[in-house]
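Next up: some structures, all given as C-alpha cells.
Below are two complexes that have subunit A in common, paired first with subunit B and then with subunit C.
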Partner chain A sequence: METIRNALDFSDFPRLDLTVAGAVSIAFVVFPLFPHSAFAMATMIQFLMFSLYGMGWNTIGGYGGQVDLGKAQYVGIGAYTTAVMLIRWDVPFWVSMPIGMCLAVGWSFIIGYPLFRLKGHYFAIATIASTLVLKDIFEVWGFVGAARGLEISPIKYNPPDFLRLIFRDDIYYFYTILGFFFLGIFYINWFRKSRLGFQLRSIKDNEDVARSLGINVHWAKVKTYAIATAFVSMVGSFHACYIKSIEPEDTMSLDISILIALMAMLGGAGSLWGPIIGAGILIPLKSYLKEWLGAQAGLVGIDLIIYAGIIMLISAFEPRGIWGIVEKIRRRTRS
Partner chain B sequence: MDILVGSLFAGLLIGMVLALVALGLTIIFGVMDIVNFAHGEFLMIGMYTGLLTAQGLGIDPLLTLPVAAIVGFLLGIICYFGFIKFLLRGPMVAQLLGTFGLMLFLRNLALLIFGSEDRALHHGLLVGKSFDLGMGVIVSATKLACATLSVVAFVAVWLLINRTKIGKALTATALNAQGARYMGIPTEKMNALAWGIGGGSVTIAGALIVNFWSVNPFIGLLFTMIAFAIVALGGFGSVPGAFFAGLVVGMITEIPGFWDFFTYTFGADWMVDIPMTSFKYMWVYVAFFVIMVTRPRGLFGWKQ
Partner chain C sequence: MRSIFRFSMLVFGLLAMAGLLAPTGALGVKEVKIGVIYPLTGGAAAAGRELRAGVELATKIANGVMADLPMTMAQNSGIKNLGGAKIKLIFKDHEGNPTLGADLAKKLILDDKVDGILGCYFSSVTKTVSAVCEQYNVPMINASSTSPALTKRGLKWFWRTTPHDKWFTKDLFELLKGLTEGKVQGVKAVPKKEIKNLASACEKTEWGSHVSGLIKEFAKEYGFKLRKSFLYAAKSADLSSEVRSLKASRADVMLFASYTSDAILMVKTLKAQKAHPKVIWGQDAGFEKPEFRSTLGDSISGILTRTVFLPKVVEIKKLAGQVNALYKKKTGNDLGGASARAFTGLQTWVAVLEKAGSTKPADIQAAANAIYIPGKELVVPWKGIKFSTSGDELGQNILGSGLIGQYQKGKDGKISLEIVYPFDVSSADMIFPFAGF
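So, the complex of A and B:
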C-alpha cells in the first residue's frame, strides 16, 4: 500500500512539470481518436518503446552513473524468448514475457557480477563486448533461426488475439505499450525515492564515500542493472510480437544499445522525464528523416549523417541534455 | 602439421597488421583518456584512400602509403580541432557517445560517396605471387609485404615516441597533463598530435589491409572491436603492449585453423560438426571480455 502511494506521489515536482506531463499523457491517450497516418502511429509506438528502454537505462546509467552500452543483448533475450515460445510451443505473450524477463535478469547477474568490478570506460567497453559475443552465438544457433532469425506469421492465429498479442490493427499495440509506459513511469517514480535509488545516487556522486557509509556498492549496482534489464527485456518481448520478424542483426546490434543510451542522455540522464523527452525528439526525427531523405535515390545515408551530426553537437555542447538546459533556466529565473 | 604451421604463420602475419591498427587507439587513449569509437572508420577511410589512389594513378597499392598517412594525419588533426576539443569538457558519457556520433557520421558519409558495394584491389606487383616455406606452408607475397611494412611503420612510430623530443612531450602529457602544462609543454598541440599520429598510423594500416581484404563502408566496426581487444590485452596506453597483444589477437582470429588441425590429428568426429569459422571473431570478443574482467590494466598497462 505504502509502495503504491509512493509510486503515485509526484508532489516533489513543480506544478508546471505536472501540468505539462498531465496534458501530454491525455494527448497520448486520445491520440488514436484523431485522424492520423499509419506511419505516425508506427512512429508513436516506436517512441513509447524507446522511452521505456530509456527509462530502464536511466536507472543504471542516469541515477547510477554507470555508462552501459550493452542493453541490446537483453532486448534480444526478451524478443527471442517470446518468439521461440510462441512459434514452437504456442505459449502466450503474457506467460513468455515474465519468463523472458527472468532469463534476462539471470543472464544480467552472470554478466553483471564480474562486470561491475570495472569502472568508467572499461565498464562501457566490456558491456559492448558481452553484447557482441551473445549476438555472434545467436547468429549461428539453429534453434533460434540463426542469422535469418524468426518470423511470427499472423495467419495462424486469428487477430485480435489478446493472449498472444497478435493484432492486425496497430491501435491495440499502441494501447498495450501505453499501459506499459505509464506503469514504467510509476515504477521509476517509486524507484528514485526508494532506498536503492538513494544509494545509487550517492554512488554516482562519490563511490568511496558511499562505501564508507556502509553501502554495498557492488551489490547495489548489480541489483540496479537487473532492474534495467527487466525493463529492456519486457519491451523486447513486445517488440517480437509487434514487429513479428526478429533477427540478431536488428534486435541485438550495437546501434540499438547506443540509441538507448543516447536518448536518455539527450533528454537528460538522471531525471524522470529525461528519457521520454529524448525519445520524443530522436525517434520521430530518425524515422521522418528516413522517410523524407533516405528513400531518395543517390542520397543513401544522408538521414544518418544529419542524425550523427546532431549526436555530435549535443555531446560537444550540451552534455547534460535538454533537461539540463531547462534546469539551468529555472535556476536563473529563481535567483 | 602443415595446417598448424600455416595457421601459426597466418596468425602472426595478420597480427602484425592488427598491431598497427591498434597503435593509434592506444596512443589516443594514453594521451587523453578518450575511447575513439571512430577508429575503425579511420581505417575504412585509409582503405578507400589506398584503393582509389592505386586505381586512379595506376600505381602499385603498396606505394600509396604516404598518401594514406597524410590523409590520416590531416583527418586526425581536423577531428581534434573541429570536434574532440569540445568533447573534453564534458562528462565521460558525452565523450563515448560523441565519438560514436563521429563514427556514424564518417560511415554514412562514405556510404553516400562510395556506395554500399564491396570493392577490392586486383592489381599490383605482388598480387598472385606466393612463397613456399617448406612443409607445405604457402604464404602470399602481399600478406608478407604488408606484415613487414606494418612492423616498419610500428617501429617508426615507436622511435618517434621514445627517441625524439616531441615524443617525450607526448609521453609527459600522457603521464600528467597538468604537470606537463606547467613545464611549458603545449598540451593542446600534443593532444592534436596524438590524434594526428593515431589517424596516420591507422590509415597506413588501412592502405595495407586493402591489399587482401575487400572494403565497404560498414567494415569499420569489426576493426574497432578488434583494436579494442588488442588495446585491452596489451594495456591501455602501452605501445609495446599493443604489438604483442596484436600478435596474440592475430592468433585468436586463426582459431578455426587450429581447430581443423586438432580435428584431423585426433580424428574427432564431433569436432567437425561445430561451425568454428562462424565463431571466428567471437573468440576475440570473448578474450576481450575475459581480459577486461580479470585484468583491466592489461599485460603492459600503466593506466588505472
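So, the complex of A and C:
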C-alpha cells in the first residue's frame, strides 16, 4: 500500500511540471479520438516505445551513472520469447511477456554480475560486446530462425486478438503501449524515492563514499540493471507483436542500444521526465524530417544531416540534455 | 409557393443537364497512386537510386506515348482501361529498416490512399511491408527481393516478378558443373578436383542468410565441398578477419551475397590480402552496381555475378536496347539487374491495372492472378510474367530466369559484363581461372 502511495505521489515536483504532465497525459489519451494520420499514430507508438526503453535505461544509466550501451540484447530476448512462444506453442502475449522479462532479468544477472566489476568506459564497451555476442548467437541459432528471424503469420490470426496482441488497427497497439507507459512512469516515480534509488544516486556521486556508508555498491548496480532490463524486455515483447517480424539485425542491433541511450541522455539522464522528453523530440523529429525532406521531396539524406545537427547542438549547448536546459532557465528565473 | 416550386424545378433541371453534359471521364479515375518503398539512404543508397530511376523511366513511358517501343504500355497514354489515368508514384525511403518499412506502408495505405505498393529490394523489408499489405488487402508487387521464403507464406495480396535465389543459386552450380563438363565457352573441361572446394560469405539478413543456406544445400547436391561458410554484417567497416578466414579455407571458388558497400569492401580486402581463388562469384546486388565497377576499376576483371539483365542482352533483344538507351540518357549508366527489374515491376503494375480496368483491390487481385505478359514485351530476358496461383509458391512469377555475367576488359579498355551462362547465349569466352588482382 505504501509502495502504491509512493508511486502515485508526485508532490515533490513543481506545480508547473505537474500541470504540463497532466495536460500532456490527457492529450495522449484523447489523441486517437481526433483526426490523425496513420503516420502520426505510428510515430506516437514509436515515441511511447522509446520512452519506455529510455525510462528503463534511466534507472541504471541516469540515476546510477553507469553508461550502458547494450540494451538491445534485452529487447531481443523479450521479442524472441514472445515470438517463439506464440509461433511454436501459441502462448498468448500476456503469458509470454512476463516469461520474457524473467528470462531477460536472469540473463542480466549473468551478464551484470561480472560486468559491474568494471567501471566507466570499460563497462560501456563490455555492454556493447555482450550484445554483439548474443546477437551473433541468435544469428546462427536455428530454433529462433537464425539470421532470417521469425515472422508472426499475417494470415493465421483473426484480428483483433487481445490475448495474442494481434491487431490490424494501430489504435489498439497505441492504448496498450500507453498503458505500459503510465505504469512505467508510476514505477520510476516509486523507484527514484526507494531505498535503492537513493543508494544509486549516492553511488553516482561518489562510489567510495557510498561504500563507506555500508551500501553494497556491486549488488545495488546488479539489481538496478535487472530492473532496467525488465522494462526493455517488456517493450521488446510488444515490438514482436506490433511489427510481427523480428530478426537479430533489426531487433538486437547496436543502433537500437545507442538510440535508447541517446534519447535518455539528450532528454536529461537522471530525471523522471528526461527520457520522455528525449524520445518526444527525437522520434517525431526523425520521422517528420524524413517525411518532409526525404524521398518524395527529392532531398534524400538532408533530413539525416539536420537531425544529426540538432543532436550535436543540444549536446554542445547543455551536456545534461534538454531537462538540464529547463533547470538552468528555472534557476536563472529564481535568482 | 408556385414560384418556389418552379425555381426548384429549374435548379434540378440545370443540375441534371450539367450531369448529362459532363464528360464521362470526369467521373472516372484521374490517376493511380503507387507507393514505392526503396532504400534511398544508407549502405544500399546506390541500389536505391538505380531502382528509383528504373521505376521513373517506366512511369514516363506508361504515362506518355512512345510508339516505337514494342510494348503495350508505350502505345497508350496512361492506363487506357481507366480512361487514360496517369500513374503517380509516391516514394518512401526505408533505410533498410524493416520496422520503418512497415510504418511507411501503413502511411501509404491509410494516409496517401495508394492503390498499390511496389518495393522493397531488401527481402527483410519486403517481408514486413507485404504483411501490412496483406492485413489491409492492398496489392503489392515485388520486383527485386529474391529470398525464396517471401512467396511461401500463402499471401493473397503479394506477387513477385523476379526469379528467386533458389533458381539463381542452382544456375551457379550448373555453371560450375558445366566447367567440369567443358560446356563453358572458351574453357576446356576442368577436372572437378580443381574447383571442388568452396567457401561462402553472405550478409546476415533475410536475403544473405537464405543464400548461404541454399549454397550449402546445392553444394551437397552437386558434390562440392563447402570448406567455409559464414555470415557477416553488411554494415561492417572492416572485413579483414572475414577475408583471412576465407583465405585460410584454401577454397577454389569463393561465393558472396553482398550489398553495395560491403561488396566493394570485400573485394578491396580480398585484393589487399592477395587472395587468389579460381572463381569469384557474387549473388547480384552489390556485385552488379555501377559503383562496384567504378570504384574497383580493372581489378574486378574475371569476377562473376548472377543477374537478370546485362547490357549484352541488348544484342539479343531490340526492346532492351531501346529502353537501355532511354535509361542511359536519363542516368548516364546502362540498365542493370536492379533497374531492369524495377522497370519490369512498374510495367507489371500497368499491365495489371489495364487488365483490371478498375482500382478496386479485388479487381486488381483477380487481374494479377490471371495476367500474362509475353517475354517479347519485357526488357529482361524472361519467357514472360505469369504468377503462380496454387501450390506452395503463391504469387511467384513462373516464367523468369537468370543470367551469370563476368566482368571482362573490352578492346576499348572498358570493363563490362559478358554473358557466360546460360551457355547457349554466351557473349564471350569465360576467363578461367581468375587471373588474380
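Keep this in mind: the second predicted complex is superposed on the first by the 325 of 335 C-alpha atoms of A that agree within 3 Å, B and C clash if a C-alpha of one lies under 4 Å from a C-alpha of the other, contacts with A are read in each partner's own complex, and residues count from 1 in each chain.
One rule holds for everything that comes next: a contact is a pair of C-beta atoms (placed from the backbone, for glycine too) under 8 Å apart; a residue touches a chain by one contact, two chains touch by 3 or more.
What you see is a predicted model; the values in this text were computed from it and never measured.
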Task: subunit A as common anchor, with subunit B and subunit C clashing or fitting - done: clash
Open item on the list: Is A:Ile227 touching anything from subunit B or subunit C once the two structures are fitted on A? First, second, both or neither.
Closed with: neither
- [ ] Have a look at where A:His121 lands relative to subunit B and subunit C in the superposition and call it first, second, both or neither.
- [x] first
Open item on the list: I'd like to know which partner A:Gly301 touches here: subunit B for first, subunit C for second, both or neither.
Closed with: both
TODO: Check the residue A:Ser245 against both partner chains and state whether it touches subunit B (first), subunit C (second), both, or neither.
DONE: second
TODO: Name the contact category of A:Gly149: first (subunit B only), second (subunit C only), both, or neither.
DONE: second
Task: Comparing the two partners subunit B and subunit C, which touches a greater set of residues in subunit A - done: B
Open item on the list: Quick check on the superposed pair: does A:Glu139 touch subunit B, subunit C, both, or neither? Answer first, second, both or neither.
Closed with: both
Open item on the list: Tell me the contact category for A:Gln46 with respect to subunit B and subunit C: first, second, both or neither.
Closed with: second
Open item on the list: By the touch definition at the top of the document, which applies to A:Asp170: first (subunit B), second (subunit C), both, or neither?
Closed with: second
- [ ] Jot down the residues of subunit A that show up as touching in both complexes, subunit B in one and subunit C in the other.
- [x] 139-140, 300-301, 304
TODO: Give every residue of subunit A touching subunit B within the complex, in rising order.
DONE: 61, 67, 69, 114-115, 117-118, 120-122, 124-126, 128-130, 132-133, 136-137, 139-140, 254, 258, 261-262, 265, 269, 299-302, 304-305, 307-312, 314-317, 319
Task: Residues of subunit A that touch subunit C when the two form their complex - done: 37-39, 42-43, 46, 139-140, 146-149, 151, 153-155, 159, 168, 170, 239, 243-245, 247-250, 290, 294-296, 300-301, 304
Task: Residue ranges of subunit C touching subunit A (in the complex, touch as defined) - done: 38, 40-41, 45, 90-93, 97-99, 102-103, 106-107, 109-111, 124, 127-128, 130-132, 134-136, 147, 149, 153-156, 204-206, 208-210, 231, 233
Task: Interfacial residue positions of subunit B with respect to subunit A in the complex - done: 33, 35, 83, 86-87, 90-98, 100-105, 107-109, 111-112, 115-116, 217, 221, 225, 228-229, 232, 275, 278-279, 281-282, 285-286, 288-289, 292-293, 296
